[in-house]
Amino acid sequence: MRGARKAAYPYAVYAFTFFTAPLLLILFYSLTRRGPGGVAFTLDHFARFFDFSNPQYMKVLWNSFRIAFYATALCLLLGFPAAYVLANLRPRWRNFFSMLFILPMWMNFLLRTYAWMALLETNGIVNTLLQKIGLPALQLMYTERAVVLGMVYNFLPFMILPIYNMLIKLDNSLLEAADDLGAAPWQTFVRVTLPLTRPAIFSGINMVFMPSVTTFVISRLLGGTSTPLIGDLIEKQFKLVDDKGFGSAMAVIIMVFILAFVALNGRNEGEEMVF
Amino acid sequence: MTNSNIIELVNISKSFDGDLVLGSVNLSIRDGEFITLLGPSGCGKTTMLRIIGGFLFPDTGRVMFDGKDITRLPPYQRQLNTVFQKYALFPFLNVYENVAFGLRIKKMPEEKIRARVSEMLELVNLPGFEKRGVTALSGGQQQRVAIARALAADPDVLLLDEPLGALDLKLRKAMQIELKRIQQQADITFVYVTHDQEEALTMSDTVVVMNKGNIQQIGTPESVYNEPINAFVADFIGESNQLEGIMREDYLVEFNGRRYRCVDRGFAKNEPIEVVIRPEDLTICPPEQGNISGIVQTCVFMGQNYAIEVLQDDYLWTVHSIYHAAPGSPIHLYLEPDAIHIMKEFDNDDAYPDDPEEELLAGAEEEEL
Amino acid sequence: MRGARKAAYPYAVYAFTFFTAPLLLILFYSLTRRGPGGVAFTLDHFARFFDFSNPQYMKVLWNSFRIAFYATALCLLLGFPAAYVLANLRPRWRNFFSMLFILPMWMNFLLRTYAWMALLETNGIVNTLLQKIGLPALQLMYTERAVVLGMVYNFLPFMILPIYNMLIKLDNSLLEAADDLGAAPWQTFVRVTLPLTRPAIFSGINMVFMPSVTTFVISRLLGGTSTPLIGDLIEKQFKLVDDKGFGSAMAVIIMVFILAFVALNGRNEGEEMVF
Amino acid sequence: MTNSNIIELVNISKSFDGDLVLGSVNLSIRDGEFITLLGPSGCGKTTMLRIIGGFLFPDTGRVMFDGKDITRLPPYQRQLNTVFQKYALFPFLNVYENVAFGLRIKKMPEEKIRARVSEMLELVNLPGFEKRGVTALSGGQQQRVAIARALAADPDVLLLDEPLGALDLKLRKAMQIELKRIQQQADITFVYVTHDQEEALTMSDTVVVMNKGNIQQIGTPESVYNEPINAFVADFIGESNQLEGIMREDYLVEFNGRRYRCVDRGFAKNEPIEVVIRPEDLTICPPEQGNISGIVQTCVFMGQNYAIEVLQDDYLWTVHSIYHAAPGSPIHLYLEPDAIHIMKEFDNDDAYPDDPEEELLAGAEEEEL
């Protein structure tokens, strides 16, 4: 093995550099400012974000977390039962249905979101159907609810897959043991199935929460200007305002929050990281 | 052990994907006995246990428990508990919580649970292990926690599915003694599944020998070993010399070209029969006392005795003796009349297969069900 | 279990509908046209795409596949060694480095791409460094190469993760057996490690190739107008031209190609789908 | 079997994470012999095998092969092959390609490979299995393919790491005979690792009994069984009665309050010693011939014989006899002088542990290395 490993090292180092360089760059931008005397170290970008006299940025951050929380909760509520049903299907059907869940993931997620928009638009399918049965049209687009639904739609598979993978590997004899010891089906579920799938649930929460916090496309397309999220702010700094320093600082802040979240989550998980 | 039956299986049969795994089996289990289902992999013994446990429902027949029909009752409504082959301990709970699992379901008050758990851990020789995580335990310890957990709910019957299969030989022997002690101390019925005939003989009150989904023989360890009902049982339980023979008249049998006195009667004159002789029933003796003679082929040390192969004409006898015999030398053996076991010509299908692995494969498939 | 499964069904059905509705909608759009007499069935959208007298759309499709192929090949070339090195590290380092690979994935991928742009821009880091050592600045942005690099950067983890997951589960005794039978390290690698990780490699190829074919953000940001991809075309139909029919038809076409690709790939894989 | 040594281990020691697993072991393996490393889990036997195979390098000492130092040679440069505990067949290759694996590496021409593979499959009794996928085979068949694969490269030594551990009891016995046949037919050296003393006794030319990283005894099966060098060996190989005693003078020993003639001499007067007596060396006899008497406590049928527990004063004797004895009745036993095995007071540390599971755990850790 020694030889093969040695041969692989340069590629690995290359992949690694290639991968972390942009991260380091963001960190660099966030801590510097271009002045007349060249590049200088500064904490101004962070100070601007955590300005308690004008908490507009922190408010956006809070909103981002709040909405991501709703989306994650909804994903769990839908994703666990879906994974459970999927895992209990006969193998043939199981493959078919899991394919259907995975299929849209291969489609670019913006395209998926456009399709979704077509459903919710003022003159879209849902409203057309509502009006046909005599109900008033609803303002579905450009609301916070639309943003949450968009997130759920896009990130649900990330919740389903780890839980599904865990459920199909579940040791059936543990369920039988609970049954044997007098536990009715729902008791077996609560006392054995749930504790056994905990690592997968935490993994799913991570995988949904992270992109929900940082997304900006979903919020822009489906939320309009109703609820700007931290992702929108960051993008604006890069694209419109061209204040890379402040944008990077916000990116760093959100990364730190995410790391803290994962670490907190990971503590409960122990060894068994599912992804 | 009383004489009343706690479990009765009536005409139980079961197929998987069209393969008959159990064919119309009847069995009565007495209250308080240690009964062992013994047979090669794929013989249906595990399926039978799982039907008693409620993890499988039979295609036909009834399962009676204490006189009540429980055929369709799910496991959690049955008054019996199972010790699973691979322990099936809950990895996210410690020893205490594992043993307490069934009691919590029953909503027993906490101080009673505490008392019961320590009583059980005492019984299985693991006092003070309450706070340990189960995954950190050794195989034998996990086994004992599984037994404690199953016994905690005070079942009338304990089902054990090859519980010692994963253990070391020496440890297995120690656990056999311990299991027997636990069964007598707790005074409940044990239904034990194994493919290890030594285990079955040393532990059981009753041995049920199975093959290909059918019960071959039911009896005490002595009776199945000393009076096997057919060649399969003879071959599966211990080693044996098997020969074809002819019953010349009552008490006189002919095999390998010679006539021997025996203790059997009631066969037709000149009826072809099957002769089974245990290797340890052949005694090395001086030439004038012997009734079998031949040339020693091999002599292998087995610990308590030597396994000696003796060629007489075309037949290769296997002899167990505490004495060494030099290969190549002549040898004389004495065979007592009551050591000659005579049985009707057996159906070849029921014999232990020449390629036991086909059975194994069948067993592997069964496990997955 | 029966009870728990029953309780889960409504949620599963809901999740499923929620998930497939947009797909069905796209299929519906692609096969219909809004005329004066209402909605009518048509194959025009597909005919327009497969117009052999004017193969502009097919050319774009071909380009999309070609570029996705480059990106996938590069990902494999970098990803396998990286996964291999990662899997052979001591557990402590392994967790640290795999964290570093996973970390950027939690960041929204557009933000990652912006960071990447900062590196490649005409006045970006790379060119600044080049000029410092006296070399001429390079046109790095708005080229096909930049698009490929952007894809590799964004999708590399999808190649690394399945291979890494497979490698750490690899039965060491098989490698020892090969070693024992006289295979030198590189022979063991070629004859045992590679065949054993094939399913993961195919999985990784799927996971990189799919999004590469359909992406449009990467090509727009990094490629400018140099090489329009099929994803760009689809987005334009939805967003600018508002020809949902034609956009949907292209989405369907690309889905069919992707399905065919996966099926072809899956045939080699047998049962062991890794994701 | 010749008298020249093919493998020599010189002062081999090995630690994992500071735990000494092998402590300065010396061992010579003769060309062509069937040698078995026997001991409980965690005794270091697998570590020793892996050092011979080249999968582990020792911390100190040398491994000599045919007179050459191969201590630091990787496995693929060693003239020996291994049969792994869990077979380690390549799942993506069929039987033919698995067996041919080593030959292809050697760039043997295809027709030679074909001949060699069929020869090997013939040897392991699997002719015609070439096209089968290995995952579809039964445990015993996979085992045989693994042996064929290891033998195909024509190694001088075959290392076998508990190859029968995963098999059924009946199948294990059949494979024991087959392995012995293959070894004799192929005429190569087998180094066999097991924790099963019956396996070790029946198959080996030489048994190496190990405990806690040290070799306890090396000898023929007869010598380690009949003349165990210490209490650990006596206890691990077969059952035994162990008592503390005092050597009153040459040929006279006292234990359990009585004096017995024996065949040992050379101890100091009144030296405390350890007495080991095999259960089958105690013979039931009429009262006037006995030199041990007691009350029968239990009598368990074991197949070939009964295991009888006899209480004499405070000591509980274990007796193996073909005769049944009724619990509660008095019994008289005769003990021959040469059945009394006397050994120096043993270091308790070397005895087989009361809680063998601690050893098991240690073993489990070892496996992972």
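Note that the chains take the letters A, B, C and D in the order they are written out, and that residue 1 is the start of every chain.
To be clear about the criterion, contacts are C-beta pairs under 8 Å (C-beta built on N, C-alpha and C of every residue); 3 or more make two chains touch, one makes a residue touch a chain.
Every value quoted in this text rests on a predicted model; they were computed, and no experiment measured them.
Mean C-alpha position of subunit C lies 56 Å from that of subunit D.
Each chain gets a centre from the mean of its Cα atoms; for subunit A and subunit C, those two points are 18 Å apart.
For subunit B, no residue reaches two or more other chains under the stated contact definition. Residue positions 184 of subunit C are each in touch with at least two other chains. Taken together, the touching pairs link the chains into one ring where each has two partners. Contact annotation for chain pairs lists A-B, A-C, B-D, C-D, with touch applied as defined. The part of subunit B that touches subunit A in the complex is made up of residues 53-55, 74-76, 81-82, 84-86, 88-92, 101-102, 105-106, 149-150, 153.
Taken in their complex, subunit C has these residues touching subunit D: 171, 173-174, 176-184, 187, 191-192, 195-196, 198. Residues 1-5, 7-12, 14-16, 18-23, 25-26, 29, 77-82, 84-86, 88, 97, 100-108, 110-112, 114-116, 118-119, 125, 152-153, 156, 160-161, 175, 184-186, 188-189, 193, 206, 210-211, 214-217, 231, 234-235, 238-239, 244, 247-248, 251, 254-255, 258-259, 262, 275 of subunit C are the ones that touch subunit A when the two sit in their complex. Residue ranges of subunit D in contact with subunit B, taken from their complex: 40-41, 138-141, 167-171, 174, 195-198, 201-202, 220-222, 225, 236-238, 278, 280, 300-305, 307, 320, 322, 352, 356-358, 360-361, 364.
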